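Take a look at the structures listed below.
In the two complexes below, chain A is the common chain; its partner is chain B in one and chain C in the other.
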Partner chain A sequence: MARRRLAVLAAALLALCAVFLLWNLRTPMGFILQLRAEKLAALVLVGAATGAATVVFQTIATNRLLTPGIVGFDALFIFTQTLLVLTLGGAGYVALDSMAKFLVETALLAGAAMALFGVLFRKGAEDIIRMILTGVILGVLLRGLAGFTQRLLDPSEFAVVQQASIASFNTVDPGLLGIAALALGAGLAGALALAPRLDVAALGRVQARVLGLDHDRLVLLSLGVVALLVAVSTALVGPITFLGLLAASFAHALLRNHRHIVLILGGAMMGAAILVAGQTVFERLMGLQSALAIIVEFAGGVLFLALVLKGRKS
Partner chain B sequence: MIDVDNLSLTRDGTRILHNVTLHIPTGRLAAIIGPNGAGKSTLLHCMAGLLAPDCGKVQINGQNIHTLREDRRALVLSLLTQSQAATPRLSVADLVAFGRWPHHRGRPRAQDHQITRDALRRFDLDVLAQRNVETLSGGQRQRAFVAMAYAQSTPWMLLDEPLAALDPKYVRDIMDRLHGMIGSASAQRSIALVLHDLSVAARYADYCIAMKNGYVIAAGPWQNTVTSELLSDLYETPLKLAQVDGVAIVVGL
Partner chain C sequence: MRGFPIALTGLALLGLASLLVGATNLWNTQLDAGMVLAISRVPRTVAAMLAGAGLALAGVVVQQSVQNRLVDPGLIGTPESAMLGLLGITLIAPGAALLVKMSVASLTALAGTAVFFLLARLVPRRDPMLLPLVGLIYGGILGAAALWLAWVNDLVQFIGIWQTGEFSGVLRGRYELLWIIAALAVALFFLADRITLLGLGEDYARALGLNYLQTVLLGLGCVAVTFAVVVVTVGAMPFVGLVVPNIVSRWRGDNLRRNLPWVALLGAVLVLAADLMGRVVRWPYEIPAATIFAVFGAALFLWLLNTRKVQHG
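The block that comes next holds the complex of A and B.
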């Protein structure tokens, strides 16, 4: 049953990719196909990474409402962009070498996440709620600092920060796709390797330990994988906080399975499918009248509220 | 044999266990009894290696349980906790199969499937095997979790209040099955369990550990250790051991 549903999901993703590539294809076909293929690669990579990371994160946090973004990734990213524009100026920021900027941002985001996890996990994985709360507070602090710093910018520099703060697939540097694919592939492989242990961890920390699982080690490994996946995709296109929530929730609802090998693959494909479908609608039907990230955040926000209200009812 | 030697444990500044020393022989069904707050569950979790003591040690068959790696420990003992969280959409068969995880670490073999089927059969869960754990009644759910602990195939099973919230039919059902394992040649286990129902303890247990305020007040074979006086002192209320139709019960006076 799960295999069949995964196969259907994979087929749907392939069909969406084909539609994105081929719909309304005009001359010069080679050039347009290359442009679309690069954008498609970014959409699939970011969607898959975010979906898989959220499935893993929700199991470790034993909470289906959380996304890795909740621990302040987006706020840190925006604060970093603001600081860069403040120190280098708008022109200096735009002239930055994209590969160096990508690598530094990835290292900074992953390092910040692991520092947060490392400090808070000294007392063991029981502190997961404290970690999340601290992440939320840090996010508020960083957003406040970014808001304060943005007041020091002139209007043109402020516009540069605004542009950089909203995830966009239209401005991805194709030169980054190779290294991002390698890093995200490694992260995804890591998540799949942890899948059997995540099945046990989903029973709860005590039961997992009774069954012989080194739960604290698994939590740290999982959070390392999550940090890598989210840091790379955020540095590549910018923050999309609620994409993971959408992907993981739809994957759980569609696959109806407890095995993480199924859920991680499903979450990854669902994340990719949401972005590809969204970008297709946004580009081909709406004529680029909005930003995909804004639509995803809106839909994710509505789902988040629906899940909270459903939880309160039950 | 479980040897607990001079075990003390403090949590949040409060001493929960005070110099606990006891020995539980193998092949017994040992009941840990005592009033609320006596430290019974804490002792069980300490014996399972989940809580680290301030001092003292727990040895099972000569192995110090707190220095054993978790994967090794899971081959020596299983523990049924009071709060059993089941993953959403987990079937009974999958839950019971998790009991085999310490043996296969994610790569089940034919033997693991066979033992899972045996556990389902032994606890009459065959017909419920494909049911979602979340849809089970309290008694069925408890049976499923005990079956998972059984499937772990450890020499020792530690059960923390396995009868909580069960009606008399399910109480008898589970205790008959547990008792059956003690005498079984093919599936012999040693069992230590926390019990609040003293009549159930009197009927099924052949070893007793009586606790109060973090101290072990008495420990030994049930017949030689448990008296009406001991129970009355333990619970600070008049209690009497009696026999009805040849079955031991405990009544309040």
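The block that comes next holds the complex of A and C.
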């Protein structure tokens, strides 16, 4: 049952990709195809990374409302990036090899995320709404900190950070695609390796511990995987807060399955499908180049409100 | 009112510091020091005080009306709906007078906040943390709508200006609308007892003979106008309306009429301090007061959330 739905989802994603690539293809075909393929790769990478990260994150947070974007993971990434520029200087930062840079940034993000959210999840497990609100405000705080440190930079150094952190699907750095694909592969592999244990963790911290799961360690490992995946999407295109929420909610609704092997793959494909479909509609049908992120925020916000209000009534 | 004169002196000293700190050194400049003071420093100092006081008072009104201490008018969609109104009037009538723009912004802010109040009735009161969350997301949706509207019409820069409150653009002749806040503060002082009754909930308030709807609308009107004025002149400043009333009520209990002057004063002090800090940290460049306040305000909010509340009689 779940396997068939997963196959349908995969087929739909492939079809969407084909439409994106081949719609209205005109003569300098090679050139247009290459341009579109790069964009498509970025869309798929970002969508898949965000979807998978959100599924993992929601399980360790034991909450379907929180996503890495909402609690400010991406802001934390931009903040660490800014700190790196601040300490190394703009020239020193640019001189770093892009692979090394990505690894250092991801390691910093993982460390910071484990320190911050590890404590939050361990302490806040009883009072879920307080934890969500703390997470959301933490996101605001981290975004404020990132904004604050960026204002401390020289204009030229600021330009370096801006280029690294604020991008859109239209200005993806093709050199980063390879690294991002590798990192996504590693992140997905890590998430799938954790999947059986996540199945247990989904029962709740107390139950999972009764069943012999080292819950604290799993939380740290999962946060590391989530950090890697978030680094992929933020490094490529910058923050889209609610994409993960959309992807994970739709994946849960479509697959109706509690096994994380299925859910993680489904979330990844759903995230990619949302972005590819959205970009096709906005770019090809409506002629709006970069409004996709804004629309995703809008739809995601409405979904979030609906989830909150519905969950409270029952 | 013990201690109030001391606090006023503190505000005055801060104001003096604000008059003396800036990119231009008053004692050693080719410009006329008196002119710098009259055109830039004095308006700027007054603007920061007025905006801070107004936002803090708006926070009290909203928190009493929805009976929730964790709600901040800056984080429930009020500034975003004011921005939507401003965008709309800018598109329809680009040349409209500032007062017209502000009135439109007030009306949309009123409508946007009213919708949040309706949402607040749907959210069960059992969990006080839920309402601020709903407010944040509702504000985010309105913000995305405003951003989209601006995007389609090439007005994104406007949004950026309205979103981050800062005082470096305040000059004589461009901030006077903020004095409306002073008038609103006086009005609020007379409304204080009724707003206290709002804090008891609709049933009790009605039983005590309060015209509930009228009072809520009056309070909301004050909040909406305050936000419209602040967004038009200096830009949105979140967290002021949240942090200040909470600090005051922890420290002095909940007698609203006695607290209002403290709330206004503390709001003025904190915003002025944030502005001053923004001027000093990276002198002679400036960091917006709202950016500074977002960091400190969010940190304070986290602290408020995760410590147990002290109960006062």
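The working rule: the second predicted complex is superposed on the first by the 223 of 314 C-alpha atoms of A that agree within 3 Å, B and C clash if a C-alpha of one lies under 4 Å from a C-alpha of the other, contacts with A are read in each partner's own complex, and residues count from 1 in each chain.
One rule holds for everything that comes next: contacts are C-beta pairs under 8 Å (C-beta built on N, C-alpha and C of every residue); 3 or more make two chains touch, one makes a residue touch a chain.
It should be emphasised that the depicted structure is a prediction, and the values quoted were computed from it without experimental measurement.
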For this session: State whether chain B or chain C is in contact with more residues of chain A in the superposed arrangement.
Result: C
Exercise. Which of the two partners, first being chain B and second being chain C, lies in contact with A:Arg5: first, second, both, or neither?
Worked result: neither
For this session: Kindly classify A:Phe304 by the partners it touches after superposition: chain B alone (first), chain C alone (second), both, or neither?
Result: second
Problem set entry | Touching partner for A:Arg151 - first (chain B), second (chain C), both, neither | second
For this session: Could you tell me if A:Ile295 is touching chain B, chain C, both of them or neither one (first, second, both, neither)?
Result: second
For this session: In the overlay, answer first, second, both or neither for which of chain B and chain C A:Leu211 touches.
Result: first
Exercise. Of the two partner chains, chain B (first) and chain C (second), which one does A:Val200 touch, if any: first, second, both, or neither?
Worked result: first
Exercise. Now for A:Lys101: first (chain B), second (chain C), both, or neither, which partner does it touch?
Worked result: neither
Exercise. On chain A, what residues does chain B touch that chain C touches as well?
Worked result: none
Seminar exercise, completed: Within their complex, chain A touches chain C through residues 129-130, 132-134, 136-138, 140-141, 143-145, 147-148, 151-152, 241, 288, 290-291, 294-295, 297-298, 301-302, 304-305, 308-309, 312-313
Problem set entry | Complex interface listing, chain B residues touching chain A | 48, 50, 69-75, 78-79, 81, 83-90, 94, 98-99, 101-102, 105-107, 152
For this session: State the interface residues of chain C toward chain A in the complex, per the touch definition above.
Result: 70, 119, 122-124, 127, 129-130, 132-134, 136-138, 140-141, 144-145, 147-148, 151-152, 238, 281-282, 287-288, 291-292, 294-295, 298-299, 301-302, 305-306
Problem set entry | chain B-touching residues of chain A, taken from the complex the two chains share | 62, 196-197, 199-200, 202-204, 206-207, 209-214, 252, 256-258
